[in-house]
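In the two complexes that follow, chain A is the common piece, with chain B as its partner first and chain C second.
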Partner chain A sequence: MLNFILRRLAIAIPTILVIILFSFLLMHSAPGGPFTAERKLPPEVLANIEKKYGLDKPLYQQIGVYVKNVVTDFDFGPSFKYKNLTVNEIIASGFPVTIVYGLWAFLFATLIGVSLGVFAALKHNTWLDYLATSTAIIGSVLPNFVMAPLLVLLFTVYLNWLPGGGWQGGQWQFIIMPVIALATSYLASIARITRSSMLEVLNSNFIRTAKSKGLPTQYIILHHALKPAMLPVLTSLGLSFVGMVTGSVIIDQYFSTGGIGQHFVNAALNRDYSVIMGVTILVGTLTIVFNLLVEILYAWIDPRIRY
Partner chain B sequence: MYVDNKKVQDLADNLSDSNEIEGRSLWQDARHRFFKNKAALVSLITLSLIVLFALVGPQFSPWDYEEIDWDAMGDIQTMGAPSFSSGHYFGTDDLGRDLYSRVIQGTQISLMVGLIGSFIAVVVGTLYGAVAGYLGGRIDSAMMRTVDILMAIPFMFVLILLMVMFGRSIYMIFIGIGLLSWLEMSRIIRGQTLSLKNKEFIEAAIATGVKPFTIVTRHIVPNVLGIVVVYATLLVPGMIMTESFISFLGLGVQEPQTSWGALINEGARTIQNGTLWQLLFPLFFFITTLLSFFFIGDGLRDALDPKDR
Partner chain C sequence: MKTMLTTFLVLILSSLLSLTPGYASNSHPLTGEKLAENQVFYYRIGAESPSIDPQLVEDVEGSAISRDLFEGLLTQNADGTLAPGVAERWEGNAKKDSYTFYLRKNARWSNGDPVTSHDFVYAWRRAVDPVVSSPYASFMELTSIKNVSDILKGKKPTSELGIEAVDDYTLKVSLSGSLSYFPSMMVHTTTFPTHQKTIEKHGNSWTKPGNMVSNGAYKLTEHVLNERLVRERNPMYWNNDKTIIDKTVGLIITDENQAYNRYQASELYKTEVPTGQFKRLKKLLPVETHSNPRLCSYYYIFNMEDETLKNLNLRKALTLAINRNIVTDKIMGAGQIPAYSFTPGSTANFIVPDTEYGKMTQKERNKLAMSLLAKEGYSRSNPLEITLLYNTSEGHKKVAIAVRQMWKQVGIKATLENQEWKTFLSTRDAGNFQIARSGWCGDYNEASTFLDLLRSDSDQNDSNYNNPVVDDLIVSARTMDDPNPNYKKVEELIAKDFPISPIYHYTGVLMLKPYVKGWPHQNVEANWYSKDLYITAH
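Then we have the complex of A and B:
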């Protein structure tokens, strides 16, 4: 098992380096530097500024300096737009917000999705099954940018129960709508996958043996059926995580929560290279770490997978 | 005569008639199964109606999609509401432009992005996956490892970056979305190729001296076409959603052209003014089209699934 984890790590690290390299090259191939969009600067001033930020060195040197800074002390450099802030400060202001509602959305989607799927599979072809399936179908066409306005329409404009946006330190009134908007479509897909995978497992021979031995149904589900049924769900969990991170961009825009997504879009529109690179690397690394965890869980559940 | 000639003749005719039962090919079986699936059938009809609407709809509207109705512009809440008399069947948007024409325009753009984007993804993904699966060994590992690395990059960010860097032309959207979605398809195709590779007809082709690339294109690709069609149908709603996502952020098609995402964005911004039709009409088309594609894809998958045969 440890061997497996080490091998996965050995592959993950070059992937992160590739992401850093890739975002760096992508940024530098864009027409126009970070300072050319502003009002016309005299060439000496432009040269001075570029020298200060190290933009005049040859490309490979810039890459080297950047990678060294990132890897040794997580320093993503200064922001090119907001001259008195570093990228770390900008990310630090947005990251807690995104993490809070991201985690809540993930927990909400996973727990409710899995339970819904399991119960639907158990009570196959009853009203619960049809409810779960229709929820799954409806949820799959309600992505976050559709749910967000609908929720605001219902809860803020008509019922006036919840505030329409903002964060204010993360009280529950501000968290609840972003979480529901973000989680709904993933809840639907997780429920669907759990249901079909659970149905398959419940029809297999070893479950039939357990039932014929006279084991109580609850015991069978918890001790025998749940683990193998979780395998396809795990793969989709990895995808859901990536989806929720990218979806947070919309949530930030619509609910003005001030998370990383908002900073990213602003940076993209302002051509603030260092912030763009910093956020991309951060999100890419998070994705890789998460996928690593999913693969480890995979190998723990099914020992045959440890290649 | 020992036997009645006519009776024998009739019997002989019946026998030869009953021997002429027409066989049903596998495609006909699949089509029969597909049409039995009511949800898929309804979705197919709905989708054709929407496409018809997108093609023929402009004929019925007195307004253009970018023309501003100066009468309605001062007071959108009352003058901009849907009505037959003013010619604004769906009402107007916040600037006074006819929503009916804009929804048609949005439908055209969104459907085009969905179909062309998934076409690109299908072509690139199928070729890449089939080649990787067929060649196997180290080339296969290298190709698939590249796909894994590319999949780890949060592609929404790259898409936004591409849009910002190279301008917001519609071709950029096609290329961007298509090029970033072939990864999943290539994995699926590679799996299928691996299972096809060991079949005897491939062995026969190799023995007759067919070149590898020809084997891939002439034997493997047609056999994975069933799965490709199913996943392509399921890719289209994903494409439409991606495009709507970036339009919602304001980075999609440029004004005055529009798409469902941009319309939903504009409609979502004005709900507090009470102009709900601006949100609900594009939302209706968006949801209906996506649901139709899902049901058709599911129906195709059930119809073509080898496990059911």
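Then we have the complex of A and C:
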């Protein structure tokens, strides 16, 4: 197991380097640059600015300087758009916010989704099953950019129960709506996968054996059915988590949380090269780490899986 | 006895309270309106600013923040007229190529340091310093200050800039030529003073709350990226006694509909009117929905180097066939003004000239357009094929679709193309277009801020318009006492040569809670200052 983890981590480094290379080339191939503006800069001023940010060097040199700074100083460079901020500061201010509501959304989606799915599978083909399934589907049909304004209309404008946005350091009133808006679409897919996976497990031979042994249903579910049923769910959970972090663009825009999500889109539109690179590396690293975690969990759940 | 004593004590206490500068539960000193307990102004910021450093700020939102935190030589009254800022008085010489500003002696930075002329010298040199690379360095060129172009080109050091601290409170500016409207440019953020010691100590991080030292009515107390920006009363400000608003909270909300939701919940007191909602909201909330004339123009640029558009008749036909009233009334619907001139009529001292096509009815215009097209061999059955480029946006799309329909009526077949903003700018800059949408807001309240764009050697001259008479008129206008006759002539030439097709002049649309008073609705530059606002009891 340890060997497996070490091998994975070793591969992670060249993976990240390839990500850096491709992102660099891709973003420089887009027309326009960070200083393309309606109010054109006089050529001398533009030349000065480009020199200041190292954009006058050839591409291979720029990548070289960038990688060196990241590896030796953990310095992701200055933002090209936000003149008084560095990428490190931008990530430090946004990432904790996204992680907080991302984790809560993940917990919420997982707990409710799995429970709904198990419940639906147990009460298979009864009205309770249909209720649980349709609730889940409604959640998946409503994308978060529809959920968000609906939630605000309900809880802020009409009921005046919750603030319409902001973060204020992460007090609970500001976390609720972003979590619900983000979690609902994932909740649905988790519920559906849990339900079908659970159904399959409940119909398998070893469960039939357990039932014929006279074991109580609750015991069977908790001790025999849940773990194997979780395997397919785990795959989707791993993807869901990264998705929740990256898909937080809408949440950040709507709820003004100051999270990192909106930077994914804004940085590209701004041609803010260093921020683009910074968040790409961040997401790439997260994906690698979570895929690894999921694979480790697989091994724990299913003793037959050995690396 | 007891009640007399109590009454006496109450009287003493209340008169003592009324002497303190806190305005809570008081009345407005001039209008007598009852003021709210909480003088906090909440408003929507549409997007995080790239910087609020006065020499680097380049966006509208950032400028509003800078104007609260810093104060320049001059400032503006609610109607946009000039008022003393750090400078109590100023004078220009007879030739109007040298100005002297006399600074007030009680202006202070938020840390107690006096504001002196040296602060302005430092700031202006910073604005043109190649190392600082200000995106608004070109604004300093527009002021005609001596040696600015050479300094920007790196030929001269910043110390040669035509600004001099005669003594601590006297500032002398030397221009390379006369400029009668130079003082009106002193309200612009790029000319605001900055605190040298702070910038040298903190470098790029000097704009963080706690680091920043500013000389305006407010100081920065909180700034969370993409969430909020809070500024609070600066007791060191020389005019602090007149400031009523204690705190201004800017909430960064990118989505305008979401902003409106929060406005409805009274979490904000000011926001923009969501696109297409003006008419409905004007009916629903007439007192809160505003449409104010703005110093901005919306127009289509013709690429005069394009084979087809080299032809004047075709450019004229394209311009004539647009029914501007439909665009402003039916599509925009927020009080925009149909434009037949490049410069908006609301510009100070500018008189909108009568243009030939401005006076016709649309029917007459269409008829003339069709006859011009016929001259070139085009008609409804053999339409002129042309492409129109605009930057991706629902609003621009609607206008473009409508214009395409209007052109179809007279025998022009337009293909619409839209590109993401920066891609669009690159394309337009490179001249890879036939007709491109454009918008421009004035940097200062004078017609040259628009007309200068059509000078043949202007960086902004995307239409490649080249008329030496126009160039001459614009350049000579700078040194005239009354340049307006020249501006009139330039507009008349634009209406003859058709390098562009003006479409409408903007209005600034906003929702404002009725208990927020003092808003400068007449200021066409939309420059607002928190220190001029106040909140009445509600």
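Assume the second predicted complex is superposed on the first by the 282 of 307 C-alpha atoms of A that agree within 3 Å, B and C clash if a C-alpha of one lies under 4 Å from a C-alpha of the other, contacts with A are read in each partner's own complex, and residues count from 1 in each chain.
Please note the rule applied: a contact is a pair of C-beta atoms (placed from the backbone, for glycine too) under 8 Å apart; a residue touches a chain by one contact, two chains touch by 3 or more.
Owing to the predicted nature of the structure, the values given are computational and were not obtained by experimental measurement.
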Consider chain A as the common anchor and indicate whether chain B and chain C clash or fit when overlaid. clash
Touching A:102 in the superposition: chain B (first), chain C (second), both, neither? neither
Tell me the contact category for A:278 with respect to chain B and chain C: first, second, both or neither. neither
Chain B versus chain C as contact partner of A:288, first or second or both or neither: first
On the A-aligned overlay, A:77 touches which partner chain: chain B = first, chain C = second, or both, or neither? neither
Tell me which partner A:254 touches in the superposition: chain B (first), chain C (second), both or neither. both
Look at A:264 in the shared chain and tell me whether it touches chain B only, chain C only, both, or neither; answer first, second, both or neither. first
After superposition on the shared chain, which partner residues are touched by A:157: those of chain B (first), chain C (second), both, or neither? both
Could you look at A:149 and tell me whether it touches chain B, chain C, both or neither (first, second, both, neither)? both
Quick check on the output: what are the common chain A residues between the chain B footprint and the chain C footprint? 30-31, 148-149, 152-153, 157, 253-254, 269, 271
Quick check on the complex: what are the chain C residues that touch chain A? 48, 50-53, 56, 58, 130-131, 133-138, 141, 152-154, 204-208, 224-228, 251-255, 257-258, 261-262, 264-265, 267, 420-423, 425-427, 429, 439-440, 459-460
For chain A, which residues are in contact with chain B within the complex? 11, 15, 18-19, 22, 26-27, 29-31, 137, 140-143, 145-146, 148-149, 152-153, 157, 242, 245-246, 249-250, 253-254, 264-265, 268-269, 271, 276, 279-280, 283-284, 287-288, 291
Of all residues in chain B, those that touch chain A in their complex: 145, 148-149, 152-154, 156-158, 160-161, 164-165, 237, 241, 244-245, 248-249, 251, 261, 264-265, 267-268, 271-272, 276, 279, 283, 286-287, 290-291, 294
Chain A residues within the chain C interface of the complex: 30-33, 35-42, 44-45, 48-49, 52, 78, 81-86, 89-90, 93-94, 148-149, 152-153, 156-157, 160, 163-167, 252-254, 256-259, 262, 269-271
